[in-house]
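See the structures that follow.
In what comes next, chain A is part of two complexes: it sits with chain B in the first one and with chain C in the second one.
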Partner chain A sequence: MELTSHTRNDTGGRTPGCLAARQARSRKYSEIAQRLTPYFFLAPAVVILAVALLYPVGYMIYASFLDWNPSQRIEEADWVGLRNYISLLGDESFIESFFVTLKFAALVVGFEMIVGVGLALLLDRNVRGMSLQRTIFILPMMIAPIVVGLIWRYMYHPTVGSFNRTLKSWGLDAVPWLSDSDWAFASVIIADMWQWTPFIFILALAALQSLPQSALEAARIDGANDWQQILYIKLPLMMPVLVVTCLLRLIDAFKVLEVILVLTNGGPGLSTEILSLRIARTASEFRELGVAAAMSNYLLVLLFVITLAMFLYNKVAESRQARIRAAAEEEFK
Partner chain B sequence: MLKLLKPLAGAAVGLSVGLGGAMADPYQPYKGETLVVNFPAHPHYDAVMKVLPEFTKETGINVEVDQLQYLKMREKQTLELTKRKGDYDLIAYVVFSKADYVYADQLENLARYFMNPKLADPNYDAGDLIDGYVQNIGVAGGSKGYLPGPTGSLFGVPFGSETSVLGYRKDIFDKHGLKVPETYDELLELACKIPELEPGMGGLSSRAASGHHASHAFLLHLAPLGGRVFDENWNLIVNNEAGVKAAEALKTIVDCGPEGAKTFGFAEAGAAFLQGNTAMFLDSTVFAGQVNNPDKSKVVGKVAWAPHPMGVRRGSQTGGFGIGIPKNAANKEAAFLLMQWLTSKKADKLIALAGGNPSRFSTHNDAEVNEKFPHMATFGEALKHADPDWRPIIPVWGKINADLGTTLSKVLTEDLDIQEALDGVADRSKAVMEEAGYYTWN
Partner chain C sequence: MSAPVHERQNPAFYALMTALIVMSLGPIVLMLSNSFKLNVDIMSDTSSLLFLPTLKNYETVLCNTLWYTPKHVEYCNPTFGWALGNSLIIAIISTAITLVTGCMAAYAIVRFRFLGRGSLSMTTLLMRMVPPAVLLVPVFGIWTFNYCWGDECLDGTYTGIILVYVAMNLPFVIWILQSFIVQVPIQLEEAARMDGANPFQVFYLVLLPVIKPGLAAASIFTFRIAWNEFLLADALLDRKTRTVPVTIVNSLTEHDIDWGVIMATGTLLAIPPIIFTFVASKQIIIGMTAGAVKG
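For the complex of A and B:
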């Protein structure tokens, strides 16, 4: 009681200007506190992310400047600066692997996008047992990559493999699936397509089924045929999803390892040795962890550039759509 | 009375000394300890697992085994050996790890254990261990750094080691009156003659897959044909006349081999022989255990064995595994006792009878072992020519081996000119050797 009266007295003794200033200050603090509150809540997650994501990446970048073999502790390794990066630029095997990777990723993702989106467009209708079919379609994705490699390796087997036995039963010559450079490359692409086309199919189908029906109905009323609907309505509307899907598959295709390891181990020669396999061999067979880290960083930069390009493309497409939308709204006014 | 007492007392003392001697147990101080060992998943070590309980029964020392696929084993060991205090007391290591582990000072020098009278068994008979294996797998620091010599020391003992032998189909050879090849000329001629005599059958099963397999197959022919990868001054000579001959031999064998031979690894080459698709098989002795297993083989009872044919010299491979004590092991002395027991005459025989690869000459000549595995005497004969230097064991070998293997794969699959291919390997390997400091003293 005493305290209350004292407070009242104290306040009562001040000028109105002073009170207003104090209230303004209090409001300001409250605003700052409000603004900061979300950051306080986010802080634990940010710290965990920084430790879990940035620390390993930083460690890898640091390792790429070292001459480090697995029998050494990292502090025992010699600092070699940019030597690993520079020597890789003159390493014929690394450059060959780099181009094999680019070719593999471009072809495999290109084919998978065409087949996956094509299948989604074909099956975007009310078919009986669609959910069961979808489950069957995504089965290859759920199989462990090592097993996928083994399955295809036996199917490609020159004598007992199902492909060559079928070809021979038709009176055709056997195909050197894994023992000829070009065929081996094609064989690896086929196996990867078998496993990962369902991923694109499922995402494309989900995108198709969430398209605004009003746009499709309007197109139909305007007399658009099926092809026109696909080219001018469906595909443009699906594009944001397709871009992200393509990006995810590209990132994955650059890192595929197990299937190729089991199928060809990079051979014949270096014809199917993609960069992730080269990195694995450099670390475990050649015992050059610093060089392997430098290779990984080159791969990281490549993926970063691709991600950035896709992001920019998305931004440009979005702003273009916004401009068109604004122009259309302007016209209606 | 005194006269009677004297001999009695003498007899009592003698008896007590004798009994004391008989009761002395070198394992006593370690009884109850548990050793943790790291072994590969490999037919030899599967046989070892059957014999290990005998060690615990005899010594009271327990053994825990961490058995891993051999490449995984190497990866795990690489991490384990860099720790300040390791989990393993004894490890099996694949031969090319010797260079890495010894160079990184991660394996115990065994001299101090063999010098310790409380640990070293005087009946161990190290002279009975197969010399080529000991040189190849156990010794480092001598000639060329990885071979024995005045400055060399022992870091491991061969255990699960292998050499190369020629397996051939007795029935096919008898049917066509063929002579078992003793030289490379005869071998290569037969390799291409068999597909003509037996349509659909390949001559000889060989590994050829890109990388380690192609390189291994090439090196298998290089030593007998008089070649080496390096000369005494570390200059690359893999591209000399002998090198070209070895690559030509490999190409001939693969071209006259079964369908798909260009992509064969060790398993596929073996499977082709076991399925009856080829008449000969030239590779590791470890394969022999499968030939008469009806679950895996269609050629049970049809296979005989002969030494690796000679070129200008005899030189079969040496490889496989050895066992050593990590520097960071917790129970080193007990680990040494286990190592000594496992490679003793008694255990070597027990393991051989359980289907393992013996490391001793005496086991190869043992009547009981030969009765169960009649090929053992032939293997023992082949081992006299085991070449510890058929493949260099240096830290940078992994990189050179991979380059050699992928380049040879191009020779086999893309018809790359052999001389050009080997010249390329020599040039690139020279740069690797230079960077590793091998020409510092030139």
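For the complex of A and C:
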């Protein structure tokens, strides 16, 4: 309202003094606008994150102290204090799926790091068709986890699946891929490796190709063989990237749900029931939202500890590297 | 820079590479070929590469969207046709909203120095850490009971699920985009401001065109999550608004799986990501490495 009256004044343009005052005032406006702009830009994202991420997480912490089933409003649920947490600690199937989750994440990330980094070291060459090859490698992680589960469930099929068919044609016995608990665990790991090893491969390859050429050349001139180059030059220099890669993959390994849901649905027994799956089942089948929330909290704390540990490790490693570099530069002076 | 020199490698190298390509493509090709087979062929004992391709599975899946009625379909189940539409709407709108809000936030963080880069990466990492399963209980509770206007609640609506997907993707998108915006020289923006552009004009007319590759990467990743997600969609959406992954899981029973039809459904769900991969593999790799290699 005020602004429009001002513009009308301008067109009149009466006295120079009035003009100066107007300029000062408009400068003030633009200053305020300038100061407010960043908030305008941030506001939508902040609002969405607060409404749909932070508030739910806080809500979950509150809900974990309740005895709550999905047909109740949260106000009607009974406050039970720490009961959910304590009863979970005594719950054998929860403990089992906690360890299944840890075992799954550790094995999957371990294998994938070894295979992915190994392949990157082997295939780090300039050849025609490398980019097409990388494109093909990305495919498994781009398609839906549900579809990945579907494909592998077919391939693991006891009679018509590709694996047992091949084994049969070689005259070997069929393998109970999804119906024996040890085999089922291995099958789930294999499917996850198929999907996610390329991720490590691509990141490791990118790290390799951004290494300082001078260091590699110096090593070559000093007569280091391929193994020595890898062990003493390439791997240590790649370390910071590898740690971050490992961390990202580890975080994602705790999120895996769909592939296992489609392949085994946690079975046989509890052999492949990872925590995410157990949370989903506790909420939808057993209808105990409070317990599911307490489980989610345990999972979140576990993830938080792992993330923090690796982040700190990376910080320490980085500062040590920086110190070494500084010392080296000092020597040259 | 001169063109890269292609060295000749020994045969073992090519053998390894071929084996890897076959391994990563094999399962996908298997699904594709099964989707063109009749169940009799899929279940027959003799696995054959030779079969008569048929479109019947796809006709069954898409029966209600076709302009003709396929003869072999006795009862047309319209769920999948709807689900495909739902998936498209939800994925596209949530990608658009994530990009716009994420881009603005990234710009504010970089140019107005809100958070240091260190604390930004830590925050992103912490938010990325939250598994969808952890959001299941609170999102279900809040969306069905708290976020209501009159009788209308957010569960079962497009708005509800889009809100979740946008929030899930924002941290990652902000992180990727800020790594692109940091590289844009500030002089470019100052010049535009000298010419009398306001901050919004600078943003839309100067900055956005420069960071197109980053936008492409961010949008592919967001679309992928929204398109592929199952757990929260399963909890929040009802019969009318269900997405494709939910319908696939619902049609998976213990026994008697209709493999032909389900493979056709899976193929339809996999097609958009596969197209994106071939069109924009470079951007995808940039997006994947942005968090680790440059950060």
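Operating definition for what follows: the second predicted complex is superposed on the first by the 280 of 333 C-alpha atoms of A that agree within 3 Å, B and C clash if a C-alpha of one lies under 4 Å from a C-alpha of the other, contacts with A are read in each partner's own complex, and residues count from 1 in each chain.
Just so we're on the same page, contacts are C-beta pairs under 8 Å (C-beta built on N, C-alpha and C of every residue); 3 or more make two chains touch, one makes a residue touch a chain.
The structure presented is a predicted model; accordingly, all values stated were derived computationally and were not measured.
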For this session: Determine, under the contact definition given at the top, whether A:I138 touches first (chain B), second (chain C), both, or neither.
Result: second
Exercise. If you stack the two complexes on chain A, which partner ends up touching A:I114: first (chain B), second (chain C), both, or neither?
Worked result: neither
For this session: Would you sort A:L261 into first (chain B), second (chain C), both or neither based on which partner it touches?
Result: second
Problem set entry | Contacts of A:Y59 with chain B and chain C, given as first, second, both or neither | second
Exercise. So, A:G269: does it touch chain B (first), chain C (second), both, or neither?
Worked result: first
For this session: Look at the residues of chain A and decide whether chain B or chain C touches more of them.
Result: C
For this session: For A:R287, select first, second, both or neither according to whether it touches chain B, chain C, the two together, or no partner.
Result: first
For this session: Report for A:S71: first if it touches chain B alone, second if chain C alone, otherwise both or neither.
Result: first
Exercise. So, A:V46: does it touch chain B (first), chain C (second), both, or neither?
Worked result: second
Exercise. Which chain A residues are contacted by chain C in one complex and by chain B in the other?
Worked result: 70, 73, 284
Exercise. Quick one: in the complex, what on chain A touches chain B?
Worked result: 69-73, 92-93, 157-159, 174, 176, 178-181, 264-270, 273, 281, 284-288
Exercise. Any idea which chain B residues touch chain A in the complex?
Worked result: 71, 74-75, 78-79, 81-82, 100-101, 103-104, 106, 209-212, 258-260, 262-263, 265, 277, 395, 398-399, 401-403, 406-407, 409-410, 412-414, 428
Exercise. In their complex, what parts of chain A are in touch with chain C?
Worked result: 33-34, 37-42, 44-46, 48-49, 51-53, 55-57, 59-60, 63, 68, 70, 73-74, 119, 122-123, 125-128, 131, 133-140, 142-147, 150-152, 154-155, 160, 162, 165, 194, 198-199, 202-203, 206-207, 210, 241, 244-245, 247-248, 251, 254-255, 257-258, 261-262, 275-277, 279-280, 283-284, 289, 292-293, 296, 299-300, 303-304, 307, 311
Exercise. Touching chain A in the complex: which residues of chain C?
Worked result: 4-7, 9, 13, 16-17, 20-21, 23-25, 27-28, 30-31, 34, 42-45, 47, 100-102, 104-105, 107-109, 111-112, 114, 122, 125-142, 145-146, 163-164, 166-168, 170-171, 174, 199, 203, 224, 227-228, 230-231, 235, 245, 248-249, 252, 259, 262-263, 266, 269-270, 273-274, 276-278, 281-282, 284-285, 288-289, 291-293, 295
